[in-house]
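Attaching a single structure in structure tokens format; questions to follow.
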Amino acid sequence: MTAFWVLAPVMVAAALGLLFVRKAVHAALLLATVMMSLAVLYLVLEAPFLFAVQIIVYTGAILMLFLFVLMLIGAESRLSLVETIKGQRVLAVLGGLVLGSLLVIAIGQVTLASPVGLEAANSGGNVEGLADVLFSTYVFAFEATAALLITAALGAMVLAHPERLTPKESQQEMAARRVREYAEHGRHLGPLPAPGVYARHNSVATPALAPDGSVIEASINRTLVPPRPADEPDLPELAADEDEEGPQ
Amino acid sequence: MSVLTVLILIPLLGAALTVLVPRVAGDPRAIAKMVALGTSLVTLAAALAMAAQYNVGSGMQFTEQRDWIPSLGIHYAVGVDGLGLVMVLLTAFLVPVVIAASWHDADDRNTAAYFALMLALQGLAIGVFSATDVFLFYVLFEATLIPAYFLIGGYGIASRPERARAAVKFLIFMLAGGLVMLAAVIGLYVLTARAGEPTYLIAELSALGISGEAGRWLFVGFFFAFAVKAPLFPVHTWLPDTTAAATPGTSVLLVCVLDKIGTYGMLRFCLELFPEASLWATPLVVVLALISIVYGAFLAIGQENMLRLIGLTSLSHFGFIVLGIFVFNLQGGTGAVLYMVNHGLATAALFLVAGYLIRRRGSALIRDFGGVEKVAPVMAGMLLIGALATAGLPGLSTFISEFLVLVAAFAYAWWAGAIAVTGIVLAAIYVLWMYQRMMTGPVRPATEGFADLSRRELSAVVPLVVALVVFGFFPKPLTDVINPAVEDTLVHVEDSTDPMSLGGAE
Amino acid sequence: MNEFTIPEIAYLELLPLLIVFGGAIVGVGVEAFVGRSARRTVEIALTSATLVAALVACIWVGGRLPVVEHGGTATARGLLTAGDTLAIDGPTVFLWGLVLLISLAGVLLFAERKVSAGLPAFAGQAAATPGSRAEREADALGLEHTEVYPLMLFAVAGMMMFPAANDLLVMFVALEVLSLPLYLLTGLARRRRMLSQEAAMKYFLLGAFASGFFLYGAALTYGYAGSMKFAQINEAVRNSEGNGLLLLGIGLLCVGLLFKVGAVPFHQWTPDVYQGAPTAVTAWMAAGTKVAAIGALLRLLHVAFGSAAWSWQPMLWVIALATMAAGAVLAIAQTDVKRMLAYSSIAHAGFMLAGVLGFQSAADLAPGQLSATQAVLFYLVAYGFAVLAAFALVGLVRDASGEVTELARWAGIGKESPLLAGAFAFLLLAMAGIPLTSGFIGKWAVFSVAGAAGAWPIVVAGVLFSVVAAFFYVRVIMLMFFTEPTGTAAVVRPSWATTAAISAGVAVTVVLGVLPGPVLELAAHAGEFLR
Amino acid sequence: MTEYVILSAILFTIGAVGVLVRRNALVVFMCVELMLNACNLAFVAFARQHGNLDGQVAAFFVMVVAAAEVVVGLAIIMTIFRARRSASVDDASLLRY
Amino acid sequence: MTPLLAAAEIPVVAPVAADGVLAWAWLLVALPLAGSVILLVGGRFTDSFGHWLGTATAAASFVLGVTIFVALLGRPADDRSISQHLWTWFDVGDFQVSMELLVDPLSLLFVLLITGVGSLIHLYSVGYMAHDPRRRRFFGYLNLFVAAMLMLVLAGDYVGLFLGWEGVGLASYLLIGFWQHKPSAAAAAKKAFVMNRVGDMGLSLAIMTMFVAFGTTAYAGVSEAASGASEATLTAIGILLLVGACGKSAQVPLQGWLLDAMEGPTPVSALIHAATMVTAGVYLIVRSNFIYELAPTAQTVVVVVAVVTLLWGAIIGCAKDDIKKALAGSTMSQIGYMMLAAGLGVAGYAFAIFHLITHGFFKANMFLGAGSVMHAMDDDVDMRHYGGLRKLLPVTFLTFAFGYLAIIGFPGFSGFWSKDLIIEVAFGHSTLVGLAALLGAGITAFYMTRLMLMTFFTDRRWEPDVHPHESPKVMTIPLIVLAALSLLGGVLVIGGWIGDFLEPVVGHAPHPELPVPAIVLTLIITAVVAVGVALAWLLVGRQEVPRTAPQDVSFATRAARADLYGDAINDTLVVRPGAALTRGLVGFDSGVVDGAIEGGARGIGGLSGALRMLQTGYVRSYALSILVGVIVVVLALLVVNWA
């Protein structure tokens, strides 16, 4: 019980922190805190396998995936906590309180018998016990999760992986082209400017600034630039977005 | 296969033919019209042949009963008694008349579809009047809305948006009524399923003698639908809007045939299935009917548009019909049924002549006419006969029915008769004032060139007028057929509500 | 202690499901190994073949389901398998067949390329930023994400598994198997990709949110019953007092399912997703998801919580009422055909819920009386085909930039294309519940079971909201037929595939309207859920 | 065991509120994960309460499902971000009314 | 007071079946009806001979009528009630109405009057309408009228009577509006029909009451059952019948249409609005004697109405410059006399009929004469434009003079006998009523003299381009015949014949007791008449008649010119409130009734628009709504189970 009473406040605090932190990375770390604490509770609740899985898979893999994406789209940006939808926050908190109290009251009213405990079930080892259930009762569901994973992989490929449609330019061809372009159009021959990652933010999506303070569009990866309708001139005013939410 | 099934199928097949045939031959419009007219005449002939076989006073005839959805107790069951027979005949009679009269009404639009829709409407209407299964009745009842909707929305004389609006209004009103009735139809299923075997056959349902609170609710469901259809105050407002927007031919089918389904339904379903509830509701229904009579007449007086006017006269007349049905005596019942027929004839005549006028003038506003009698005396004469029939002039068949209803209402309660009787004065005012404003006075420049009725136009109206006069002096063929049917219904109501028969008071 | 018992799995009865899973996996393989040029053809053929094979298997399975006497009077047919976590019973097979048929039509719609000048409805390069050069390149090459076909099959598998699930955990897995491909498919539109992606994101976030509730409900129910198997939950419900855990469990589980059904107030994703998704996906999804979700809801409420019907029925009254009302009322103000149909699907969800809450125990039903299951199954058939065909028709009204879904521009298309407008009008009338269409019989059926269960206020409200709903259907018909054409939208002639799908939808709507007997009998033959 | 369940309820509620108040799609998604974790806690707690491992298996499944969901979800969020350069869920509000 | 007969003495209509020539009675109606149908349906084909055909059918009816009359006279007095059942009109349960003709002395007198005077007027119209392109139709309508009127009087059942009743209303409508291109004619026609309908409402209610009370509407059945009915019922029936009679006979308060009806061609005014149709009310009351005899209250009401009308009409007649309207006023007044007699019960029925017949003669005579004058004066009706016509129109003048003498009650002329008898009976009833009748006689003398003077005497006042000429023979012959009848009509009362003849129908009463001897009363009447004539001579004959009516006249004159504000009263009490009500209801219908429904629809639309705004597009809002849904669902479950 000690573990519970120690961890529970930590978890609740961390969870609440999730609502208030201004940086997405901090949110991820707070979530990690909750998850790790949860892992410990699993241990207390006689679920050693889940303890491991929670740490390895949930915290170690899933949350890392979050972090990857976070880094990709601007981990350092400060998130605005100003509510833009009228009444949303009040209603959300109110709704949360009502739902929370309903849940707590309803659950609190239930008098559970003293726990059976898992000594019997875990007698042959927790992992074996789980395997037993998993491969007997839930074998079909287990198989079905395969479909989920394939779907996920397929989805990631479809949405995140641009297929190469034209044969890749060889180094030689590229060099020839760039020189030709320089000759014909005067296009800059050297490498593209680096993004503003180290200058202002941690995201590669941040454009570098020229000495005069103007944005250097070419410094951002092409795939990260939003499409611009042909009739719209030049770059969006990224600098002015500083205080807006979202990674810069 | 019953002759009724044939009667339902002929127009429906004719409708299909009307649309399809013109694609293979010469002038598509003319052929479509000919096919449509031919079909309707065949239908009429078949209906008359059936009437000749009809055996007065021996209940449902030409019956046919097949399982449709057996698990739900739903049958394809048709048959007619006197009540159904006259309505089927009226339907069969009016359609060729309307087709002949609206020969050129759809020339600038999809002609074939216009006449096909009319035929479809006819087939479905005949089905409605001959259905002896509540579910079948309901299905056809609602199905009639579709051709009607397209007829109103697609071919009206009003401007497109107005027509469309009217069509939507019509359909929504009808659906509102119909869906409320659906709840009651469902109630019947639940009731009979509980009682054992689910059934929708009228005969079996009426034998159940549904009473009590359930009966009242179901009655309300059915009555509401019929009141919207009929229409009755205060759910009548779709009527003038619709008649003002639709072609007069469509209006005839709507007001003279389709709306009769409402009053027919009251007699056939409300009274037969829920006799106790019908008696329970009588005071309210009578009051509504009286309001409709007077209110409709006053509204008609105040109209500027003759099609609206004619539509509103029907409100008044449906008040009479409902009054006749709900005073529960033979005169009232027979009068009401007779009224349905006569109103069909008279109003059809009015609408058709109005249609002729509108075709010539391009307007339905009363003030746009004047002095027509001078240039087109025959047309004026026909309008006058229709108008006088609407006003219930003795010697025309409408008088008999109106008088029977009045007598019945008076017998029910003197005040009911006294209020209803004011309708005859108001009727004289609205029809004659319309006639005065449109047909008399000096000839207006706009009406100067009016041609009198052509042979085709005349041939469409004359049968109506002849029928009005003949039945005005000799209604026996109708009353003989109607009387036994109404009597059966009334006896049923009496039996089912007689406390003695319900359990023996002593 | 831990004696592992090899679970008995009725592979034969699971055959339809296995075929679909197998087909999906083979489809993924095709992506990897078949050249780009042939891929599309192979995928379409494979998917269709899979679905047909599954359908055949389904029919075969349906024919050999054993009859199980239970509960005294009511009969059910079927068996429980895979550790009792799947129920292959009459309703399951019925729903399987329905899902497969709908999906077969869906494939036909997916395969349509003719309407947009040879381009498919799906993005050529979903990873390319909308409006970018990469996108244009992909378009120029006529690329297509053939992954949609395996994705679709996965979703179909989920849809089939969902109503068959006889265990909360399996139901949850099925929910996800069904949902994930849909999230993806939603975001794959070729045109208006921003909208499509937005729809995908909304669908995904809300779906995940809702499945969280489902899961918590499952947890609490597990806490109450000690098991997640429906039979044992039912046992627990019957044998012990209901308590907070059970009630919260029922509530939260319902939330998850009602979200998928699109019931108010969990409906708000529906219009956005229906509008944003490629129309072919919308057509198939609107039909298929509803079938699966309602099937699952039926099983959950009738099997697991049937003994506590008194406790959840009032809640469902409220939801059904709100759903009918909001769906019907909100549709009126819509100016986009797809959104309007989406709201109409919400209203229909309300009507279906009226059928669901018409649950009566076998003892309360007269012999031969329509049961809630039957009614809802029928409604699903009627609605599924109608909505599929309707959305398919929406995809045919186009201009140079793609589909035209603004209602105002549909004005007068009845004049130019009476066939399309006529078919659409007919389907709308079916949705409005006009007799001689399947929609009418469906409405009749669900209202009659609701009425039989004493929910007369719901019936009356349903009837009234049907009128409101009819208003906007009728208005569209009016717009198509009685308004001057604007000339800004044209009806394109589709390939045989789409034509076939639409014809099938219309034909089912007609046939079920005129002769609903066989399908009702089939639903009756399917019997009740196996407990 | 009740306290565990109540803790899970609190965490679940916090997660739900988080979905409502956070605007960054990733954070919103994290909140969803928090809800799933809360569910897992309840499952595991109830598993011990009832003395069977079904709850733990459920938690295991949830993790698997969550993993798949995360992949799909993040992919979708990425595409949105690419198109709009914003991970705010509020910016994706073209579809409305 | 009128001596009431004991119930047993009330004559009961108990007709026997028709035989012999009486079996041809149906032809009486059928002949003109056939004529009418042929003329109206036949179209232009009948243009050439239509007028003669119309005249011939009326004449044939007359001949048949006479034949039947003779046959009837050949039967014993108590066997002169013959019925001919034609067919059952309608038969619904216990409500059976037969197409049945009742030939008895009362109806037969009417038949003779209608067909006789009718034939003459037909003949007259041949000339009068010679130049009208629609003459054939005119004759069709006239025939229709004759047929309907015959139906009215011959019907053996109140419903049958109602058929004729409305039929004459229709014919009257058609004929008043015959020159429908004149808006005033069309309006007058409609007014006549509508006001008649108000009366018809009473009549139909009376019929309904009969059916409900007695179970039958045939004269035979009703007269038999009447004696057993409560007086309240009978009073109700009586008053309702009177309402009907008021409408048809232009009695106050339903008198307003008659003067306007003069818009019709003059033969119409003569036939319908003087000689026959307007007397139908009298017929109705006399026919219903078996009811009135048992309902003294109703009789009193009849008397009151009659007295008011006879004075009302007479006063109007005094102020009218339109020759036809002056005559119409007098018609109204004269019918008042008949009504008065009819209201006086057994004592007066026969005299009512007698005066009706004589009035038929002399009023038709005068109307036709007026027509002849108008014919001569290019259809000018204003007497102020006449003057001194006696020389130019000698035949017209002489025949008119006969009528004039008859109406003012010049001794020896038919009117003298009939009016005298009525005034006597009135005095027998009460002095007050008698005095009113007497006063009426004086006023009649005044205005008729005025009319006579302004038309035929005094100075010529017509325009120079008017060339008065005598009418053709076809018009003057009827005038001559009618003039003769005006003079000789009194023979009917010789030996009390008419009373005896009608006795089987209306019963017989002893001669009333009078405050003064009968001969003295006669002298007084004659004196009063003379005073009236003299006054007219002084006020009109001796003075210059201005061509336009002077406007600075007394209130009484103005009131009389305005028909004693009858129309104004109707306007204020009925028409304007009615129009306002109509407008109000039309507004109510579109505003409230339809407005409620359309408003409801709009409300739903508005609600839709408002709710739509909840669909903000923000995924977080949607999530919020899900959360709210969760709370609702959970609460619903918890509340239901814990409450």
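Order of writing sets the chain letters: A, B, C, D and E. Residues in each chain are counted from 1.
Throughout what follows, contacts are C-beta pairs under 8 Å (C-beta built on N, C-alpha and C of every residue); 3 or more make two chains touch, one makes a residue touch a chain.
Since the structure is predicted, the reported quantities are computational estimates derived from the model, not experimental observations.
The fewest steps needed to get from subunit B to subunit D, moving only between touching chains, is 2. Identification of common neighbours of subunit C and subunit D yields A, E. When every chain is reduced to the mean of its CA atoms, the largest separation from subunit E belongs to A.
Taking the mean of each chain's C-alpha atoms, the chain closest to the overall C-alpha centroid is B. Counting C-beta pairs in contact, the chain pair with the highest total is A-D.
With each centre defined as the average position of its C-alpha atoms, the distance from subunit B to subunit E rounds to 37 Å. Separating the centre of subunit A from that of subunit D, both taken as means of CA atoms, is a distance of 12 Å. Inter-chain centre distance (subunit C to subunit E, centres taken as mean C-alpha positions): 78 Å. Chain centres here are Cα averages; for subunit B and subunit C they lie 43 Å apart.
Residue positions of subunit E with contacts to 2 or more other chains are 601, 612, 615-621, 623-624, 627-628, 630, 634, 638.
Residues of subunit D found to touch two or more other chains are 5, 12, 15-16, 19-21, 23, 28-29, 45, 49-50, 52, 54, 57, 61, 65, 68-69, 72, 75-77, 79, 82-84, 89-90, 92-97.
Among all residues of subunit A, those that touch two or more other chains are 85, 88, 91-92, 95-96, 99, 102-103, 106-108, 110, 112, 120, 129, 132, 137-138, 141, 145, 148, 151-152, 155, 158-160, 223, 225-227. All chain pairs that count as touching, in label order, are A-C, A-D, A-E, B-C, B-E, C-D, C-E, D-E.
Contact residues of subunit B toward subunit C in the complex are 67-72, 138-143, 145-146, 149-150, 153-154, 160-161, 163-164, 167-168, 171-172, 175-176, 179-180, 182-183, 185-187, 189-190, 193-194, 196-198, 217. Contact residues of subunit E toward subunit D in the complex are 612-613, 615-620, 623-624, 627. Of all residues in subunit C, those touching subunit E in their complex are 201-202, 205-206, 209-210, 213, 242, 244, 247-248, 250-252, 254-255, 258-259, 264-266, 268-269, 271-272, 310-312, 314-315, 318-319, 326, 329-334, 468, 471. Against subunit E, the residues of subunit D that register as touching in their complex are 16, 19-21, 23, 28, 89-90, 92-97.
For subunit C in complex with subunit D, the touching residues are 126-127, 129-130, 169, 172-173, 176, 180, 183-184, 187, 193-195, 197-202, 204-205, 208-209, 212, 215-216, 218-220, 222-223, 226-228, 271-272, 275-276, 333.
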